[in-house]
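Got a structure for you, questions after.
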């Protein structure tokens, strides 16, 4: 199942690139020289996917993508975690008969989350910078080390980037809506009544039953999170797979672009496989289906 | 729901108003606040923010409709085929769409634009391709769940030919609400794409043409003191995203 | 290139603020090989990394740098330069006469196609007499040759041989003898330099970081937020914000730079002076300047305060009748709203470097003005590589928008001489060549001044370019940086004597 | 100035005496103020005197450096009157020791001699300043390949002498505002290294700025609305600060502390309109900056400052030509660099 998805994705991307006329290498000023150099040094010939053309000429694509993906994962996984945690928290915050202020808060959360990641990132940076600057001007706080996002690398910049990535482009509102559905189904579920009638705490069972749908929910969020990554890394000046992919597209360096796209497809497929294995391990019925 | 459609209708009508981007450049009136002649003031090149806002709607609405049509057409065909026939055909179609969904939409769009070049038609194609899987699987789920419903079995018993049953009863009567909602979501996704591409540069709508995305990046890069030069496009984007978001129950 | 990813997230990299001067550029130099330098960002970075035989002292008089002393032969056709013996390259190799000979022969070699060829064209040959003495022979008698030996010296042992190539790996791992050495090109488009341990004069600042911030507006905020210590060029509209801030010092410095729209004289139609005058008469330059900032109009290839500026030459005025008459004289005919030639409406393509300051405001404004006058203008923004190829090498454009920055000698020979290496517009005028040679060979400053003013008038009449303006330029430095003396052209020449609290 | 801000009526009454004059004086249009007469005229005369004195000193220094540099390069033409002009400028400015190195005696050229007689007549009041022909050059020498135009070496000093005649004993401080603030701008002792001296002066001004900010807060708090409007619209504090800095810069310049004078000038400059004479940027500011730049070894930057004066003050054309000849002379053998 994993192999199928990735292979198909690869086929689709490569088919796309048979459309590209000529070779991006010729767009380079010293294109012919770089091509000759590449062919001499690494014995590749035009059309090979292996080496970057314009982003860092001659560097092997695999290495570039691996390094970039590792940085991006340090943003992606925490962002996924934050999305899920905030999603379920928002859902729990809003039982069916919730008070008006809770519903208002939930509405506000949805509105903020529905903003495209671009606008959310830019506004967050603007608000944090000018707010801190105002405090500094009034002498209330002295100059924090992380100050002036996104110029200063550091943990605060990463945390803010993660939150923006987790919330932007309606990711949070989708997750909280799905979480609300799951919680409602759970409440109506018969076995919960059975457990409650036996006087035991229902939390353990609830968590047990939430595990599989949550894993599936997480795997569905991976593609949209990766798309948000491109914007967030650009807005927060973090050199990861998103920035690499963007530089490749801007410089028409299609080997690197394809490399990162395949990496993303692989990541999604791996997330789906993980969700499936959790389902098989946890849920006996799934086990018969899978066998 | 009507409020959302009303808002989109306003955007569509505003986009039709003719706007000559180059004739609107008046540097002598740069950075002016709202005035009687120009309700939202001017940007750093003296262009009327309100007129560009109206014209800017068209930059995403045109490709958005194109993408929605493409996604609806392709999605309905595939969804119906998968839902109705099941078995091998469904397997292949579903696998193909899961493959497309495996690639993040922005990555897929950027790859398409890199291969085919930037422009409204290419944006419509890429947006449509990226939006197709969601629509198809929504329709597919709907049809498979209804396939075994009594009224379908009864209709079959009455000898209604299968293709009429599929296209009229299942797809049109029961499926059109889903297709409409998903198509609307595709228009919204193309809007977000346009704003994102304009911020990233290169593949967005190139100046001097008007689009909410390049209005935003122009206001930010020139630091235009007229607040409306960035507040107006940002507000319009948020309102339109709200208008096209299909509401919480997605699948 | 393995990277401890998780660690990078948690580790709070405490950037040592005490000795780290962080300055911003619109675009990080893609290439740090002085033989191919072409942008101001590269000139400034080269000033940190490399050294020439001679350099400027704080009163802008010539003083020895890599050279120890020199002896001009009586016939003034050759000289012997004695080099310093205590200089090492950043990688520890000793600096010898071979490096000087290698640099000069490499730049003279036609295969190298160096953008700096003009600076060594006057040297006929160079030979190493011993490890630390070089003999230079000249094409013509020279009075003060040391005034022309400012070009940077590159290490011979890091190149595979002649001719040099733009793609040599040296471009990303440059090694020089300068007060700072390059530590690394960072991932987020910034470049870090560190003090070169055994450089002869100590530097007050340990580290220098070049940070690429494309958005000029954000640069001003960064120095306000003390995320930067130096800003090379402050936009006029940000001056008000920085002027009354007590943590930033504004240093006005004149960069003798002027903006222009270049016509490609090899293209049909544009080779006709009438057509060029017509287009120039369509453009309202003051309206074009308004969104960019404050500056002064120029009517020729010099800035108004220059000794060579001819104040009698009138600025081009936007005048529709003059334009119409000139177009008709140039063989164009008006059909409805558009000007046409041989039945087809006139469409011109304008190319501009994408990181040129306020490039979008100027090009859109220009498009609008020409469209209302009936000429369609298409604009293409080129990245660094495409710009070098299409403009520097192939002259593939109808119109181009750019700016030239000159040092205090304002030597426009390379731009307007028929064999000039930077004559992109393809301007061929024997009379101008004559005036350029006369000015260069003049023995009397009054004669040179008068000749170049005459040249200004001649070029203004030929209109190979529409001369636009010169902008007021300011550097902004944090008050933490003391003992600041800014070199008007290469900015960092006296940076070793700067200190940081 | 503090009490003016408190009750602006006294200020308006005071200004009514010669309204046009005050407006001209405020925007540093001294010739307009002199024409308007009354108290502003007296102040404007004082400003004109100092302005022409600074320019005269700059002119002499430019001639001296031009002659010295040319002679050092060994290509000073023997047949030219230039050497005599350098001597004339130096002796006229009273720098006799340096004038001795240059040829003196009767002017070899009739036009020059006649111009010298005219200058002496103007200076002792028998002739009028308007009799002096405005245009330059004084002498045009034919040279291989062109002509050599030598400007009038006495013009600016004559202007200064005439201003001195017109200046009456001043009833109160020439600058209404700077003196009253009573700001303690005490400049530090001269540091050995020029640049360090400039930095020290810069820090001194920065400390005064902090005090000025505080003073401005209290003043505008105490003032009523039109007092505050007065403070902000007319930018009284910035104007007073600029005048104070220019005073000190001119004084320090005479004692040879060029770096300090340059720092004070750059700090006084209103960077929002750096190339325009207005309420804050006075002509003397540009003259002082030009003179300081020349002494710091930057004649090219001195030209930038002088270029601002060219439009309104035609008498600076002569010193501008001398200076740009010096710039050209220094770059005779150099080959310039150019970048995009």
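The letters A, B, C and D name the chains in turn, as written, and every chain counts its residues from 1.
Going forward, a contact is a pair of C-beta atoms (placed from the backbone, for glycine too) under 8 Å apart; a residue touches a chain by one contact, two chains touch by 3 or more.
Quantities reported herein were computed from a predicted structural model and do not represent experimental measurements.
Participant: Touching both chain A and chain B, which chains are there?
Facilitator: C
Participant: Measuring centre to centre with C-alpha atoms, which chain is farthest from chain C?
Facilitator: Relative to chain C, the chain with the farthest C-alpha centre is B.
Participant: Sort out for me whether C-D or A-C is joined by the greater number of C-beta contact pairs.
Facilitator: So, comparing the two chain pairs, more contacts are at C-D.
Participant: If you average the CA atoms of chain A and of chain C, how far apart do the two points sit, in angstrom?
Facilitator: Comparing mean C-alpha positions, chain C is 42 Å from chain A.
Participant: Counting in whole Å, what is the centre-to-centre distance of chain A and chain D, each centre being its mean C-alpha position?
Facilitator: Centre separation, chain A to chain D: 64 Å.
Participant: Once you find the CA centre of chain C and the CA centre of chain D, what distance in Å lies between them?
Facilitator: Roughly 33 Å separates the two chain centres.
Participant: Show the residues in chain D shared as contacts by 2 or more other chains, in ascending order.
Facilitator: none
Participant: Going by the touch rule set out above, which residues of chain C reach two or more other chains?
Facilitator: Within chain C, no residue touches at least two other chains.
Participant: Where in chain B do residues touch two or more of the other chains?
Facilitator: Residues 220 of chain B each touch two or more of the other chains.
Participant: When you check every pair of chains, which ones turn out to touch?
Facilitator: Here the touching chain pairs work out to A-B, A-C, B-C, C-D.
Participant: Quick one: in the complex, what on chain B touches chain C?
Facilitator: Touching chain C: residues 22-25, 27-28, 30, 44-45, 207-208, 218, 220-223 of chain B.
Participant: Which residues of chain C touch chain A in their complex?
Facilitator: 1-3, 5-6, 8-10, 12-15, 165-167, 186-188, 211, 213, 221-222, 224-228, 383, 385-386, 388-389, 393
Participant: Which part of chain A faces chain C closely enough to touch in the complex?
Facilitator: It comes out as residues 27-30, 33-34, 37, 54, 57, 63-64, 67, 70-71, 73-74, 129, 133, 143, 145-148, 151-155, 158, 237-239, 243, 250-251.
Participant: Where on chain A does chain B make contact in their complex?
Facilitator: Chain A reaches chain B through residues 4-6, 8-9, 12-13, 16-17, 19-20, 110-111, 114-119, 122, 169-170, 173-174, 177, 180-181, 223-224, 226-227, 230-231, 234, 245-246, 249-250, 252, 254, 257-258, 260-261, 264-265, 268-269, 272.
Participant: Mind listing the chain B positions that touch chain A in their complex?
Facilitator: 95-96, 98-108, 110-116, 192, 195-196, 199-203, 216, 220, 234, 237-238, 241-242, 245, 248-250
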